[in-house]
Every structure is written in structure tokens, then in C-alpha cells.
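Labels A, B and C are assigned to the chains in the order they are written; within every chain, residues are numbered from 1.
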Amino acid sequence: MRWRRLTRNRLSFGALCVILAVTLTSLLAPWVAPYDPDNPDAEATLASVSMRHPLGTDVYGRDQLSRVIHAGRIDLLVALCATAIALTLGSALGAGAGYRGGWVDQLVMRSVDAIMAFPAFILAMAITAALGNSIANVVAAIAITHVPIYTRLIRGEMLRVRETEYAEAARTVGNRPHQIVLYHLLPNCVPPLVVQATLAMGFAILTVAALSFIGLGIHPPQSEWGQMTAEGAGYVVSGEWWLVLFPGFAIMLTVLAFNLVGDTLRDLLDPRMRGVR
Amino acid sequence: MPLLAVEGLVKHFPLGGPGEWLDRVRGHAPKAVRAVDGVSFAVEPGETLGLVGESGCGKSTVARLILRLVDPTGGHVRFGDVNLTALAGEPLRRQRRNLQMVFQDPTASLNPRLSVRRAVEEPLRRHSTLRAAERRERAAQVLARVGLERELLDRYPHELSGGQRQRVNIARAIVTEPRFVVLDEPTSSLDVSLRAKAILLLAELRATLGMSYLFISHDLATVKYLAGRVAVMYLGTIVEEASTAELFRQPRHPYTKALLSAVPVPDPTVQRERLVLRGEVPSPIDIPAGCRLRGRCPLAQPVCAEPVTLREVAPRHRVACHLA
Amino acid sequence: MTDLLEVRDLTVHFDTEAGLVEAVDGVTFNVRSGEILGVVGESGSGKSVTALALLRLIRPPGRIVQGAVRFEGTDLVGLSEDEMRAVRGTRIAMVFQSPRTALNPVLTVGRQISRLFELHQGASRAEGRTRTIGMLKLVGISEPERRARQYAHQLSGGMCQRVMIAMALATSPRLLLADEPTTGLDVSIAAQILELLRDLGRRTGASILLITHDLGVVAEVCDRVAVMHAGQIVEVGAVRAIFARPLHPYTQALVRSIPRIDRDVTMEPIPGMVPSLLAPPPGCRYADRCPRVLDVCRRDRPAPRAAAPDQEVACHAAEVEDAPARG
């Protein structure tokens, strides 16, 4: 039992390190990356893994390592913005619906149900296809598909905390409705929100990559993991495996790390939800 | 003029669902939980009224109706010369300064994310123009008054014991020096020795601050200690109301008698005759017509099927029983 | 009267991260055949742990460090786990404080009782059912046939407690441990449950160990009472004797600390708090709260002394007519 808890903690500690490393290299990309990601090296096109190019080069001779590092920037940025927007918007809607109830609740929840009726990825595809695939539109597409997650979560939490005695006490003491929600109720909904946001970060990164993979996300020449994987996929048959492997590995590692940390946070913050997904 | 007057207070919780719809179609009133069904009483300045009854009798709903945490289906609550039931929004909020409540569960009624300081200062923030330093000083004073050290100001609820939490709750309720405090079973979750301390503290605060209490409890011994008058509730209505001394010496309503005779007395030499009621409290959805105790009362007569109202049987002693 | 249960020097420790908690410390008492013994004290006085220790239900990090629990002539502490299981539920049964959570929510209450007859007494299903109905009648449940088909959530709190008592009595145990059986119930329901316990004790001849924090309950139903403070028994004896003349300062303080409906009293809270049981100092554990504390109290733990024909007190300061200290 103790041993399992230890490995579990070790695993999540490792995952946390991965997230930190990815974040740091993304932040410091211009200084960490050995080459300019867009600068071709004419002498080494489609070069395999070597000391000079640890992850090889692509068809133009651009350094894969530098491109993967710079791609992480855009992936994290898009996922973070989308998560932040979805979280803010979703929480506000969920808080309003849960606290007010009645027709507000009905309106919000039915709209959310309508969004959820579409498979999230198809909806994101439709949005970027309709609006054009700029970075802002990718963020918007992911944010919209993620809003329902937070709205439902916060509404449920709201229904729980608004019936507590401290919520009644807050009213008795003379708080106005918005003060009750902001100072007393929302802060008590934060733990599950943190868990959900961490898990959703992984999912958002996956969505950016998937959108870019099918050409509806980030455009070249800006490097992005999904789009790099898509480009690299064409070279697998001719034997240039590093082009698809490393960006794909970056996606997997980052998403896995976010999921692991999210699961551990859930166990730490809310023992009741252990084993539930 | 009484400080607080409750007149014909009614609270029905609709059952909802298809049953309600069917009832409406059939043209009779939809079924509802009749939690509070016509309650009237008054509390004079400086007086403590005890409200006793068993679980489900509606006493906690009365507290929440007075504080307007739930909206009444009918009736009025008058506080001084203000009709609280007619107020809403900002005017109602301003009244809360003078009307506070101590909740039953000392843990659940404190926001786990607020320090003691913030919890106790909050009413001042909402109702006064005191500056931060003054609020701090006032919070420390009130904490001292309820017998807690100043060091506890920066603690969080989970770092306090149950007794300390209840004191923080009391401090929060009295920090704006309200004229009226509703105490909803404030001692029921406390251990024997802590209970005694809490009761003495409440009595002392009442004496020094000149507050009035509505003291809600199922513990008759505590009510006897703290209240000057007692109202006994059964199934959403008051069945008897009298001064504490008179009620305990000479209960008139069979329900009051049964309740008093059921309280275990810490004296093995006392032999008491017990008035035992049959069965259990009926559902507040299907309340029997006439006297509500009729089905369980060992003294019931045919006349008990007639509606019964509170009437004065002695000066300031009201009973709702045909036979009293 | 003979002793059904004899507890000698029972000591239970909990080895927690904060240190060794001496939850029950050298507790000695006996339960006579057919009597109701009350165990009274504040929360944290070790009354529930004592009851669990009798059934050997203490879970790690807790353990019975020493002591003997002689029940019907055998020492339960020395039994194997299998032998103990045979005692639990058949010879000694337990009634818990929260009946609703102690009942299985997915089985009808009738089925739960009937299973006991089938498991412990090899009754057939039909036979189990008839005896279940009889049992429900015995504990005063009206319409037993209908109630037997219901689930715990369909019954009121008082009804659930009656079912729990029926379950406990199904195997006709000789000793019933009741841990705060009326806490959380309304006064009139609580009175009915206490009446039922007393009545059943008389009818079946079983002894009852009744754990409570309410002195009123002790006075109403118990024959004898043991007063516990901080894991130790400070006074034990006949209820009438102890209420007439409490000798231990703690018992006296306990009696004075409750508001009562039968007379007008000035209530005095017990001074201080229940002391921490983490490495408590030697000597009397009540010393820091005691108004009559002597120098010797902080040095030596007081041994129980006979004070009256049926009253023993463990206090250096109590006025006891020259009775020799018991070894």
C-alpha cells in the first residue's frame, strides 16, 4: 500500500517535472534552442539524429530540436489561453446558473447541452473552418468546446455550496448576492476546478495538435507539434522516422504529464472522487 | 411594543413533479410539505423566547423565515415597526445589522476559507464605515468578549476545536451589536462541559449587551435555563406557550406533558409518571384535520376532530387543546 | 449476583504519527448478570474504545496492550480470531449510535435479521422469516410484516434503532453493548428506545453495557455506573449511591455541569479541558482540572478504594471512611 503510494507520488512528481521542463524551454525557446527554427541548413537536409542535430533535420534542413522547442511555445500558449478563457466564461455561467436557478439555469444549461451535443473535435473543426485558422480562432474554437466542462462542474458545485450553513450565514451577515458568490461560494469550488483545468490542459494541447494535423490549426511556417507530425508522416515510408517520432513524442509526453498531475491533484484535493473519471 | 412579532407565519414547500400538476388539473390545491402552518408569537425587548419541539416540527424553518433565508408563503414578521416580509434587496439587507443568527453546526456555518479575523470582521465591512484598523480592534474586542484569545484571529476554522468554532460563530453574530439574535440549536453539537460554558456565555452576553434571543432547541433543560418564555411546536404549529416557570411546573397540553415526561432526569430517586404518545410524528404532507396530535394522544375525545386554536387559559398562558 | 464480564486492567494504546495515545488506561470493572451498567464521560474519555476493545475490534494503529476480559469464564484477549468471531454477534452483540448507516441499504431490514438466524442458528429461510417477524414484534415495531419488507431509508431514525436492537438480540446474546443508542434521536423516541432496552434486558436476562454522555439516561435506566475520564475509570458503583453521594471531584463536577428540568440549579461548567492522552503525565489525570488537587495527585495515580458497600472511587482527596485501598 505504502509502496504504491510512493510510486504514485514519484510518477506524479516526474510528470510535474515534465510540465515544468516543457514550460521553461518554451518560455526560454530563443535562448535554449540551438538554431533558429526557420533557418535552413543547406548542407544537412533530412539529416538523421546526430551530435549536430540531436533530433535530425527536415526536408529544408531546419533543425528539428529547435522546431520542437518553438512548437511547444505555440501549443502551450494556445492551450493555456483557451483553458483560461473557457474557465472564466464557464465558471461565470455555471455560477450564475447554479446560484440563481430558475430560468437563468434553464437557459444556460440548455445552451451548454446544445454545445455538448456535438462531438467536441468536430465542433472545433467546424469553428476553425468557418472562421479561418488563425491562432486566435483556434483558441476560440477550443475555448468554446471547453466551456461546458466548467459550466457543468461549477453549477454542480454551486448547488452544493449554496445550501451550506456558511452560505446562509453569509446572507444573514448582510452580504449582497454577488458578494456571497464571489467571496463565499466560488472559492469553495476551486479545488475541483483546478483538477479539471489541469486535465483539460492536456486535452486542449491534444486538440490544437489534432486540428493542426488535419490542416485546420496552426499554419506553417510557424512550427507546431501536430502539424510537424503531419508533415513528418509523409517521410515514414522513405525511412526518415525522426520527423514524425519526436513531435509525436512531445505531444504524448506533455499530454500524459498533464493528465497524471490532474489525477494526482484530484486524489489530493478530493479523496471522495478517487477512482472516478 | 414587542421587538419582534410573528403573525400567522406559513411556509409550504411544494412537492413539485407530476403530482402537483395532476392536483392542479383536478382543481384542488397541490400537495405540499406544510413545514410551518400558522405560527404567531412575540418577543419583548430583552426577553428570550424558547422555541422547542422535535425534529421536523418546523422550528428551524421559523428561524429561517424570520431571517428571510426562505420566503414565507403567508404571514408577517415585524421587527420593531418594520414589516420585514415586505422588504427585499437593499432595505432588507440593512435590517440584518440588527437581526443575527447563530447556526446549529459550528463547523458547517463557518466558511472554511476565511480566517477567524475575516469571518468576524465581515459584518462590520458590510454594515459600517469603520476603517481597517478600527475593524481589527473591534474584532479583537468581540473575540475577547466570547472568551477567545487574540492569537486565534489568524487561524482558520479547521485549526479550531468545536467549542472555539461555536464561539467564533457567536462573535460574528454579535459584532454589529444586534438587538435580536436567533439561536438555532447552538449547543446541540457540543459536548457536556462545552455546552455548559456556551449556555453561560450566551446568558452573560444577553445581560451585558441587552439583546433578545429566540432560542430554538430540542433540549428542554437548556431552554429552561436560558429562556423566560417557552413556545412548544408540533407539526408546524405552536401548541402551547407560557412563561418558563409555569410551563415546566404546570404543562397543559398533552404534547408538552409527553415531551417533559420523556426527558431523562439525572436523579434515580425520582419516580415520574410518563405520558406516552402512540407511534411517531405523522408526515407534514398529510396533516390530520382538527387537533394535530389527535392520532397519538392518549386523551383524545371526539371533540378533538374539530379545529383547535391557541387560547389563553391563564394570564399569558396559551394552549391549543380542546381539553386543557 | 455473579459476574458475566470481568475486565481487569484493560489498556489500549494508539500508535499515531504524533506519538503514543493512551486511550484506555488500566480500566477495571465488571458487569453482573442481568444488570445494566452505564459508562459515562465526556467525548474522548475512552468509553467507545473500551467497548470496541471488549469485542477486540480495535484496528491498527490501536492495540490492546495488556489486560484481561473474562466473559463467561474465558479470557477473550487470549482467543484466536476465529474463536472471537464466534463470540461476536452471538454471545456479545453491539448496537451503534447511527442506526441508519449501520444498516445495509440494499437489503430489506427483514432479510438482514433473517440472515442472522440462517447463519448463526442454521434456520431455514422460511423459519428465519417467521422468527424475524417475531423479533420485530418484540422490539415494538407495529405492522412487522410490512416493515420487514422495507429498506433502511424508508424507516424513521427511531424505527432503525429498533431494527438494530432486533438484529443485536436475534442470536440471544448474554451481553449487549449499546454505544450512545439514543444520541441524535428526539426525546420522546429516545425515551421509547431506553424503555425498550430496559424491558428487553429484564425479559431476556441479558446484561447491557450502555455508553452515554447523558447522566439523565444513566439515572433512568442503569443499575450501576462507571464514570470515565481521560481513559480511566474514576468512580464506579450503584447508580443510587453515586447520584446520592458522588465522591470523585470529576463526578461531582459532571453532575453540576448540566442544566436540568427537575430542579433549579446554578450550572457550573467543568473547569479546564479533557487532557491530551498523548503521553499523559503520571499521577491523576484529573489533577489539572481538580479544585481539590493535592501534591500526591500529581505524583501517584490513585488506586480505586471502596467507599461504600457498592461504590469505588479512585481519588486521593475523596473523603472515604477508613477503607483499605484495593491492590
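Operating definition for what follows: a residue touches a chain if its C-beta (ideal position, glycine included) is under 8 Å from a C-beta of that chain, and two chains touch if they have at least 3 such contacts.
Small disclaimer: the values here were computed from a predicted structure and weren't measured.
For chain A, the chain with the farthest CA centroid is C.
Comparing per-chain C-alpha centres with the mean over every protein C-alpha atom, the closest match is chain B.
Separating the CA-averaged centres of chain A and chain C is a span of 56 Å. Put simply, the C-alpha centre of chain A and that of chain B have 50 angstrom between them.
In this assembly, the C-alpha centroid of chain B lies 33 Å from the C-alpha centroid of chain C.
Residues of chain A in contact with at least two other chains: none. In chain B, no residue touches two or more other chains. Residue ranges on chain C touching chain B, taken from their complex, read 42-43, 142, 156, 158-159, 186-192, 194, 213-220, 239-240, 243-244, 254-255, 257-262, 267-270, 273-274.
Chain B contributes residues 64, 67, 69, 93-94, 96-97, 99-101, 103-105, 108-114, 122-123, 126-127, 169, 172 to its touches with chain A in the complex. Chain contact summary for the complex, chain B toward chain C: residues 54-55, 191-197, 199-200, 218, 220-222, 224-225, 248, 258-270, 274, 276-277, 279-280. On chain A, the positions that touch chain B within their shared complex are 164-166, 168-176, 179, 184, 187-188.
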